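Got a structure here, written out as structure tokens. Questions coming.
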Amino acid sequence: MKRIGVADTTFARFDMGGSAIDELKNLGTGYKIERYTVPGIKDLPVACKKLIEEKNCDIVIALGMPGAQLIDKQCAHEASNGLIQVQLLTNTHIIEVFVHEDEAKDEKELKWLADRRSREHAVNVYKLVFKHDILTKDVGKGLRQGFEDAGPLD
Amino acid sequence: MKRIGVADTTFARFDMGGSAIDELKNLGTGYKIERYTVPGIKDLPVACKKLIEEKNCDIVIALGMPGAQLIDKQCAHEASNGLIQVQLLTNTHIIEVFVHEDEAKDEKELKWLADRRSREHAVNVYKLVFKHDILTKDVGKGLRQGFEDAGPLD
Amino acid sequence: MKRIGVADTTFARFDMGGSAIDELKNLGTGYKIERYTVPGIKDLPVACKKLIEEKNCDIVIALGMPGAQLIDKQCAHEASNGLIQVQLLTNTHIIEVFVHEDEAKDEKELKWLADRRSREHAVNVYKLVFKHDILTKDVGKGLRQGFEDAGPLD
Amino acid sequence: MKRIGVADTTFARFDMGGSAIDELKNLGTGYKIERYTVPGIKDLPVACKKLIEEKNCDIVIALGMPGAQLIDKQCAHEASNGLIQVQLLTNTHIIEVFVHEDEAKDEKELKWLADRRSREHAVNVYKLVFKHDILTKDVGKGLRQGFEDAGPLD
Amino acid sequence: MKRIGVADTTFARFDMGGSAIDELKNLGTGYKIERYTVPGIKDLPVACKKLIEEKNCDIVIALGMPGAQLIDKQCAHEASNGLIQVQLLTNTHIIEVFVHEDEAKDEKELKWLADRRSREHAVNVYKLVFKHDILTKDVGKGLRQGFEDAGPLD
């Protein structure tokens, strides 16, 4: 039985962790979900480390929604650096799912994007845990999570 | 008996640690406060590490007030990175409460903001220590500390 | 028998890992390739660490294609920092091969660039593993991977 | 007997370490000074680590004078990150005293600023080592080192 | 017998390591040189770590020539951070000698600058290894490597 960690925030304006969990349920079984909610994205790195080391998660999906201001971009940068550090300290994947508030043209699209990106990255999480080699089939295909794929060149 | 660390600075123009401690007292008992004051925000990371490792704190709230100039923003960035590193080295939450001097329209609002953000983050600290699972109830609600909540999308 | 790790992404719009592997085959034998595909460049650092520590690779080539937007540049920066950290944690070289989408004037040139840079860095990988001292012969020659060499001054 | 490390540079255009040492002598006794001079500010982090680990310093004051160009700002940023890392690796305070060449309106003021900031931070060093609790008396007072204090809000 | 590491790149457009080694020979004896050439500046951190840990170097001089574009500046920043990390992991000095392609007004000056800065930093390396205390004599003198010294204030 694998353990999948879901780390999310009260800062986000959409229940991204909920979308990820719902999608994981559609994908298959053989895992248990450990959820950990924190105030903001800068709290995610240690939350993920605790999920891995204290809850024995085999992978974590970390979801957040940085704001549109310069300071929010900096917070996202700091959080991302932290998430990479945790991965290196634990040799465990953390799939970061950040949706920036200014990525969408209005709140409706932002909601759609947050749901879709969370779901598409849940698929990546599932593949990384259960059938990692399948990812090489899609190498270089310009895949995106949320908006449409860029596709391969030419 | 839990131990809550409060790390603050003489650089800040408001006693944010005092607000946090006062709020914690309103929230309940079962904890002891360890306070550690340093000159500026870049001294906060090691202060927090010492609170955790030498004073056995279960969580720390780190409060500071970066100035409005570019160099102050950079200091805040460096301090934030350090605070994340400490969390990863200790598997312990540090709630960062930074109020930038240029976030408010005048000194009166800045004072109000520093007090309110410190108090609202004190609530987060309390929840993380004493009833962590309650945070998941508020996931995706667009909560903010200080100014009003952004609220959930839709 | 040496082991060469190839870490690449489904985000990239060209099979850069394929080019690197093809080039390595032209260069000689005496090594085994371990390939590891991840969703995006920020997943590369832990992938490389796992290739080194779990698959015993003697060197890794990490290939990715950051997008043209500011957020993509930031992701590339975070990934690069992570790749350097992995090298320091393992005393093992990781040759980073990033092709930014806005480096080329059109998709055709981008494809050519992604192929050529991957191949030219595969040569560096081969030299680092099998005949490291030969690199000193080319010191200060202004070598570039992809576009033409800058050449030595004067 | 405490040991206070003083790390400074030949790049700086003023003997900031000298000012700090002179001020420390005015403040009291009970400590020994270990001085370590390096070429530039990016050499300060390892100098501080060596002062702490090889010379058994209880605290270090790191003094430097970054230039006015963009590259100098970046060097200062890298040095600051390094200084924070050293603190976290050693659980020891390092008080960073940087005077940027473009902080003052002319060379005369720059000299005055370098002397004064070094002295005022020497006081912080002394307090941190010998009477740390006294700092909490000044929490939130908007203290500055060099130019005049910002003072508390309201 | 001391060991001095020289890490340089094939990306640089001038044999900076050659200049450093030549200068070291002028300065005295009592050391052995270990040279390690890598493709680019981002490969320097692990090269330096290997020189220190696998070749037992007492100090390393790391030489590179970042390009003039924004991406080159970012690479230099990442490399510098890595070089500082290596120093902290090994308690060993690494003298970074970077000459940015846009520092000089033409190729002739760039060549002169690369040679001179490499030589002047080789002197720093020599002093750090063989007569470290002599550096304090030059504290605060506004020394520069390459272009002329800024000199002390006043």
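The letters A, B, C, D and E name the chains in turn, as written, and every chain counts its residues from 1.
Rule of thumb we're sticking to: a residue touches a chain if its C-beta (ideal position, glycine included) is under 8 Å from a C-beta of that chain, and two chains touch if they have at least 3 such contacts.
Just so you know, these numbers come straight off a predicted model, no measurement behind them.
Participant: Go ahead and note the Å separation of the Cα centroids belonging to chain B and chain C.
Facilitator: So the centroids are 41 Å from each other.
Participant: Would you mind pulling out the distance in Å between where the CA atoms of chain C average out and where those of chain E do?
Facilitator: It comes to 25 Å between the two C-alpha centres.
Participant: Chain A: which residues touch two or more other chains?
Facilitator: 81, 85
Participant: Between the chains shown, work out who touches whom and classify the graph as line, ring, star, complete or other.
Facilitator: Per interface graph, the chains form a ring.
Participant: Counting contacts the way the document defines them, list the chains around the ring, chain C then chain E and the rest.
Facilitator: The chains follow each other as C, E, D, B, A, starting at chain C and passing chain E next.
Participant: Under the touch definition given earlier, write down the residues of chain B that touch chain D in their complex.
Facilitator: 8-18, 35-39, 42-43, 45-46, 49-50, 53-54, 67, 71, 74-75, 78-79, 81-82, 85-86, 89, 107-108, 110-111, 114
Participant: For chain C, which residues count as touching chain E in their complex?
Facilitator: Touch residues, chain C against chain E: 73, 77, 80-81, 83-85, 87-88, 91-96, 100, 121, 124, 128, 132, 135-136, 138-145, 150-154.
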